[in-house]
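One chain, chain A, appears in both complexes that follow, with chain B as partner in the first and chain C in the second.
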Partner chain A sequence: MYNVLYNRHIGPSPHSFLLPEPVVDVGDYGAILTTGLTSGHQGCTGCGMVSGTNQVLRALKLTGKHVVASIGTGCNEVITTQNTSCWGDVSVDHNNFPNTGATLSGNIAALNALARAGALSKDAFVNVGMAGDGGTYDIGLQALLTWIARGEDGIYVCLNNQAYMNTGIQGSGATPYGTHTTTTPFGKVIRGNQRTPQYLPDLALAAGASYVATACPVRHRDLMIKVQKAAAIEGPCVVEIYSVCPEGWKSETDVFHEITELALQTRSWVLFEAERDRKSNTVLFTLNHVPQEYVGVMEYLKLQERFSGMTEFSEMVERAQEIIESRWSFWKPVLEANGINGGDRAHDL
Partner chain B sequence: MTYDFTLRVAGESGEGVITIGETIARIAAREGVHLATFRTFPAEIKGGPCMIQIRLSDRKVAYHGEKVDCLVTLNQQALDENLADLREEGILLCEAECDVPMEPSSRTAYQLPFERLAVREIGSRISKNIVVLGALAHLLKIPKNRIEEFLAEKFARKGQAILEHNRKALETGMRVAEVKISAKNPFKFPKGAGQRRMLMTGNEAIALGATMAGMRYFFGYPITPASEIMEWLALHLPAVGGKVLQTEDEISAICGVAGASWAGGRAMTATSGPGVSLMSEALGLLSMAEIPAVIVDSQRGGPSTGMPTKTEQSDLLLAVYGSHGDAPRLVIAPTSVEDCLSLIGLTFDLAEKYQMPAIFLVDQALSARLETVDPNTVKRAPAAARLCAEGKDGGNFARYRLSDLAVSPAAIPGTEGCEHMVTGMEHDEFGNFACDDETHTAMTVKRFRKLAAIEADPLSQGLCSYFGDSNAEIGVVTWGSSAGPVEEAIKVAKERGISVRGIVPKILNPLPHKELATFFQSVKRIIVPELNFVGQLASLLRSTYRVSTINLTKIKGVPLEPSEIVSVILETAATLNVRRASRYGTAR
Partner chain C sequence: MNVLIRGRFAVVATVLSGNSAAAWGFRLSRVQCYPYYPITPSTSCSEQISRWVNDGAMDTVTINAESEHSAASQIIAAGKSVRAGTATSSKGLLYMIEVLENAAGASIPCGLFIGNRATGAPINIWGDHSDAYAMRDSGVIQLFAADAQEALDNVIQGYRIAEDLSVRLPFAVNLRGFTGTHAYEGVEIPEPADVDGYLFPFVPLYPLFATEKPVTYGAMLSGNFYRRHKRNQMAAISNVPEIVLKAGREFGERFGRPYGLFEWVGDEKAQLVIALMGESASAGEAVTHHLQGKKGIPGVALLKLRLFSPFPAREIARALAKAGTKALVVFEEGLHHGAVFPPLAQRIATAIHLHLGADAPKVASVIGGLGGSEVRQQHFQLMFNLADNLAEGRPYRTEPYWLDIEEDPIFAESEKEVAPALWKKWGEVWKRQARKEQYFRPLPKDTEEIRIYSRAGQGAITSAVGFTGAGIQCGHQLLTVPAFGSERRGAIITTDTLVNERGKRKIRSFNRAWDVVILYDDTILSSPAHNVLEGLKEGGVLLVNTSRLRSAKIREILGASESRVRVFTVPASEVAQGLGLSHLNMAMLGALHRVYEKIPFEKALTYYEKHVPRPREASLEAIQQGFQQTADRQAASAKKERRFVVSNDFLDWRPQDHSLDLWPSALEEIQLG
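On to the complex of A and B.
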């Protein structure tokens, strides 16, 4: 267990209580002169993952360090490895599905050994592991949690598109309640996914992560600041990125932005950061975004055909709303301190 | 005059290529025509070249055909990549804007502006494939009402507007084809037996066959090309009271199977090579604890992530030996979709009867192959059950009793007086940990005795297919989905005056010794075609029977072609008196 401390301030901040200096603020538009993924990726039109990866790499390259990436099997790996120029000057280690965390450990250990031997500087490189939700929530969970528990210095990025898209849209541990996937089909007897998804930030904090953040590619500045913080903070850091998947979510390819904004507005996806002070075993939670007004989850569900079955059952929509509200109630102290009604859905949040 | 016609449709993934091919296949199957297909998919999620090939015949076909009679290409790349496989007198149907080579002049090429028609007349580029389907229906002389009936069923759920839209696209294609395509074209749509045939993929056949065999507990983890098995079962197994559980990885999947099976149910998992690699520790557990289980392995190009959407037969040695220690298991390899349907039931029966893990070895080509099957195959009833204790064993139940029998009675948890422990540790008759030499020897012998018993079991007889002449000097041994090309090749060789005898064992562990030993005595040369680099079946045969083999190996991610086998047969025939055995074979 750890002590919980809330940051009164709401919003993205280049400041971290673990760091003496603020990280580079990339500005509102993330308009900086670096490239992330260079060219030739094979992602589908409207894919959120490509944009997320791109921003992660841009933020990391901004640190001036050599980026060493350990990537697990999944959509992101398939669409970026058919053309190696895609990764530009990033060193990439593609490993098996379950082992992103373990390979990350290997990379870190070897580079640290080289640094100790004086072959390269400890500050010359930054290690990042990247995997999808399947490779993180399911098959890769053991490797990830033990990597965090070992307390090594690196970043783990989970590109969460909420199902196994690469193999044909099968449900995963991150698939939302009520979703239709090929392994959680929406039928008369069983209506889509019956499980409440796991929550990666909880798992990562329980395992002892130094820094955990959630992000989405539509909020460039927020995402990139978080990655920069993760690069600067000592110890294992986890960033989970919301990734729209038109193919798997059965949504139009041109509403990437709208869907992500609606996820934020309906609080289906909450942007926050958690920083751990090891000495006092305290985790400081910062909420980065509060919607202007209450929007029911239905607005979010109806843009995506994967939810088309559940939206016809009011009790299912209610249940989806309940899941959101129970998560949101965690932020009550922050909302109250900011004069926002304490998460009561009957009022303005 | 027999009817034998091969059609290939090629284009970009997402253009609706598979829909065109599947529609033709399904309509043909309704007419009672026999058919087999081959499909390739790109590794990309969207985009990349893809194709479907369909061979229609009035007799049962085991192979999807080598040269095609009619090629349909939706873009230039598809044309360039597939034209070489079109017969010299074949017919090409392609997009108007493509460059078509003039030679050979014996070919007929029809170039129609599919994309323009779809955009201008139908108002959507997505309808292009239905326009192509219309033109193709005219070319193949498919009765219009048949295809309309089919589309009506296919799009019924999507509403009247979408159905009308597609009907219009179909008519546009037909209308343009009537003008452009010569009425004298040689094709005719086959007249089938009139009786509808069941058409299904290998994966569907496995899922259906397993359900018919009483499998009610499925544990799985998504993996190409086996995922469709879990998807089919997720839809249908609950309806018969079964349960599908998607686990967090393959290790959990097989251990779930172990749990459900120990508790008395028929349980299965389906995966591909990477999954079997993860499961191999549990394979040893299942052997050691003597728990029945069925593991479907749909092989793909390996090792590691390898070529997920391409076919290969490179898991044989993994299936037979994969796991540490001496861990016996049953390995069954079907050769066709019909086999998938019938042999999965047999696999369950043998696994249950002999209380051991069984691996059902298919590959991507067979998993994705659409084939007509005999409806009677579905009706197979379970033919064996687990030997179980009746209860009241005085509370001193010896789960692993040593006797002359191949198996000792199991007990379903909860059977009164038969409380017991199953374990992955070496154990005595009661399941107590024991690591003395006598017990380990006795128990290992007990576990391996099952293989000899299976070989002698009436259930496992007749599991070899034979082709060609029984007095031939050249023998061909193959396995799994390579059986079809071998059968074709032997026919072609016969036409060229060379007698060849072929044998395809469908049980690969234990090998059918009687039949194989007799076969090896009857031939002077043994050719072993298979889809892997080192010649895995060949190495099993060499080590078991001390025979020399001529390996024909291929690792191109696609099935063997009969011509490749024929050329090795011809070489062998020419040098029949020269001893030749290549150790590693060559990748062709």
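On to the complex of A and C.
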């Protein structure tokens, strides 16, 4: 339980009330100032995750610290380490599928032990854990939540492409309602994924994370600011990144931007951050993006074949819209404070 | 305290449980990261380390993990940069196995201490080797310890072996649950400075926290790279026996206790050998020493395996060939479902047939000790007799024999003893076996043994451990093994102590012939499930905490004559109450000294002065009063006062249970004075 406080300001900001100074805002072109992954990765054309990983690494390198990445099994690991390593000057520890949180914890313990022995300075390193949505929402949830609960200083990045893509597009705990996957096929009787997804930010905040943010690689400035904030804020920080997967979503490889933008427009993906002040037990929520006009979820669904089944059924589309609206209702106080009528249905955003 | 001079060093023997000894191993190895998750029976190793760390006695980063899977993940992560270790058992180890292969595959020299336990289902918390067998293909070096001292020594040597540049693999030190992990005995704790000279600080070969030359661990490799990697991993583990020998030799030079790949206990030219691992060897050693050089017995020996993975096949074959062994019985506490033989027998059989061909001794497999089943001396007599039959060319089973399965005995005198289906299968084998009396002569009672019946929570273990410490200080070898179970507080439990008076040879096996039986509570006399005279030597001592029963009455209840049992009583509860102590165990400890004089009270007091639990002064006073107020029959009859009045209803109440029919009716006659 915590007190909820809304930030009136909408939009990305390098400021955080947990930090004495703003983090480095590298501007719109900051992403090209340094390298992320080196060349040679085996990601698909149009993969959002590779772009996300790149931006995370760039943001972290810009802090001047040496990056130690504890990565979980999944696409991200497989495409960047097959018979080689695309991680350049990043130290990488891939351990297993379910234990990214624990691996992160072990590496943080090792860093503490080395620092205690005077072998190195803790400030010279930043520990980051990276895993997909399967390794976060499902099999790795226990290790992740207890890592957060232990309050260790590090960052956990979830690259959420909303299904088990590495094993061939099976439904995960992050798969949206109505999605066709190989284990939640759109059948004659059961129409796609019947579950509504869990939400990592909710889980992470409940476990006691210091800082939780959602991001997407299309808004790279926003993403990098958030990662840098996570690096600067003490305690466990979680950043969840929306990752387009053309293979799993059955979308065209050149609509990376369009899909992401539509996700933001339809509020299927909401960019926000949450910062926890432990003393007052308050979490400050900042909404980073509000769409200019109302766009129904149908626009988002129809670009991706994984939703092709449900778009035939108006009640399913309505249900998807309801899920969006119920999540969006959380931001009503911010919208009202900014003169945006985010009322019952957000027609007049 | 007892100072033993070994080599250059004066080493102090301290009473430790197997778990605490392993914890000392981690502490002396200066483990830098220790994540843990509790599981019976290895938990107290982690408890001990947490205590040290929180008191500032040990500089280690501990992690309160949420599962064994995470604890294993954490030692594997941290093991890339610092010396890391953890402890687990049973299902916990099985939960770890998923990640442990990563430790071996990525060359992480981290350490595990395993309190071996059955793996279920059915659920069972007691000791056997099922968990160790389950991990044998995960590429981890597996060492087996037979007692607390070996657990401590093996953890230190384990890091030395694992971190060797030609090895760089994880290791596990195994010790049988409860009879090993919870047995208290004298352990020599090496000086930290000496261990530092033996085990150098951890050096990460490919450090993660290094800004130069960044590395990627756990990369994905396709077939051509993968098979090479795995071949190299196999090459690394095949270097282990040589390093184990070197590390064991140097350990001996430094600390006076050399270690090898296995220990050969018994005759150099042993025709009959029993091969086994771990703590159960204790009973086997007693039998081997007893049989050695006896008439009608060809040479006998135990092959106590220390290194199980990698399996020292050639060395074992060589040792057996050198001894001229004709028959080998492999005893083990675990299964290999669906296989011909269980893992150890299978490994040994393969080894000797590969290396010795037609000259290989015959191999029979015996399964026992499962789920904490007691491994007794009689079992080894039986197994040596079986080996004798093998050596003489009699037919034997090509599938494992089982200990203590009534319808499937190892030897049967008549067909009636055996299940018909089994007789159909193995009748010819049974018919042609010879039971040779020379193997079954009763063993000499070299040790004196004390059993405490108490109620869980009364502090019997604390007092027995204190007694053990005092005995060790007096120069004897002692061992205390509490019987642990899933008892609730207040249930009747037993705690056994063995005294090997000035024994040169360590004895760790009980004859189960008690010199002294102690009852912490006189209501135990009325327990239908406990016959307190069982196993008590003729003329042995029964010491009872009671304020209301006289010794004559107790004998009457038990239906025992004066020559059968000498009964002493002590009002320990009164003593404890009078001193404001919550436990009566210290008074009982004093009383024990009154009835058992081999460990002089005055000398023991010097130990208790340093080691009694708080409040120290009251505890010491309780020991004194317990000693003084212990009364035999004369003294008790002089005592008239009865402070505790218990109603007859309470004493007479019995559960509705058919077993009551067996209970002596004399008990009904308990009267209050």
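Descriptive notes on the structure:
Following the convention adopted for this analysis, the second predicted complex is superposed on the first by the 340 of 349 C-alpha atoms of A that agree within 3 Å, B and C clash if a C-alpha of one lies under 4 Å from a C-alpha of the other, contacts with A are read in each partner's own complex, and residues count from 1 in each chain.
Convention: a contact is a pair of C-beta atoms (placed from the backbone, for glycine too) under 8 Å apart; a residue touches a chain by one contact, two chains touch by 3 or more.
All of these numbers come straight from a predicted model, not from anything done at the bench.
In the superposition on chain A, no contact is made by A:133 with either chain B or chain C. By the touch criterion defined above, A:88 reaches chain C but does not reach chain B. Of the two partner chains, chain B and chain C are each touched by A:78.
Legend: residue contacts after superposition of the two complexes on their common chain; A:96 is shown touching both chain B and chain C. Put simply, more of the residues of chain A are touched by C, taking chain B and chain C as the two choices. Of the two partner chains placed by superposition, only chain B is touched by A:247; chain C is not. Within the superposed three-chain model, A:124 lies in touch with chain C and out of touch with chain B [touch as defined at top]. Overlap of the chain B and chain C interfaces on chain A comprises residues 78, 82, 94, 96, 98. Residues of chain A touching chain C in their complex: 66, 68, 70, 77-78, 81-85, 87-96, 98-99, 101-107, 109-114, 116-117, 120, 124-125, 142-143, 146, 150. Listing the residues of chain A that touch chain B in their complex gives 42-45, 73, 75, 78-79, 82, 94, 96-98, 134, 137-139, 141, 164-168, 170-171, 173, 182-185, 187, 189-190, 247. Taken together, the chain C residues at the contact with chain A in this complex read 32-33, 35, 59-61, 63-67, 69-71, 73-82, 84, 98-99, 102, 208-211, 214-222, 225. By the touch criterion given at the top, residues 43-48, 220-224, 227-228, 230-231, 234-235, 238-239, 244, 246-250, 274, 278, 304-305 of chain B touch chain A in their complex.
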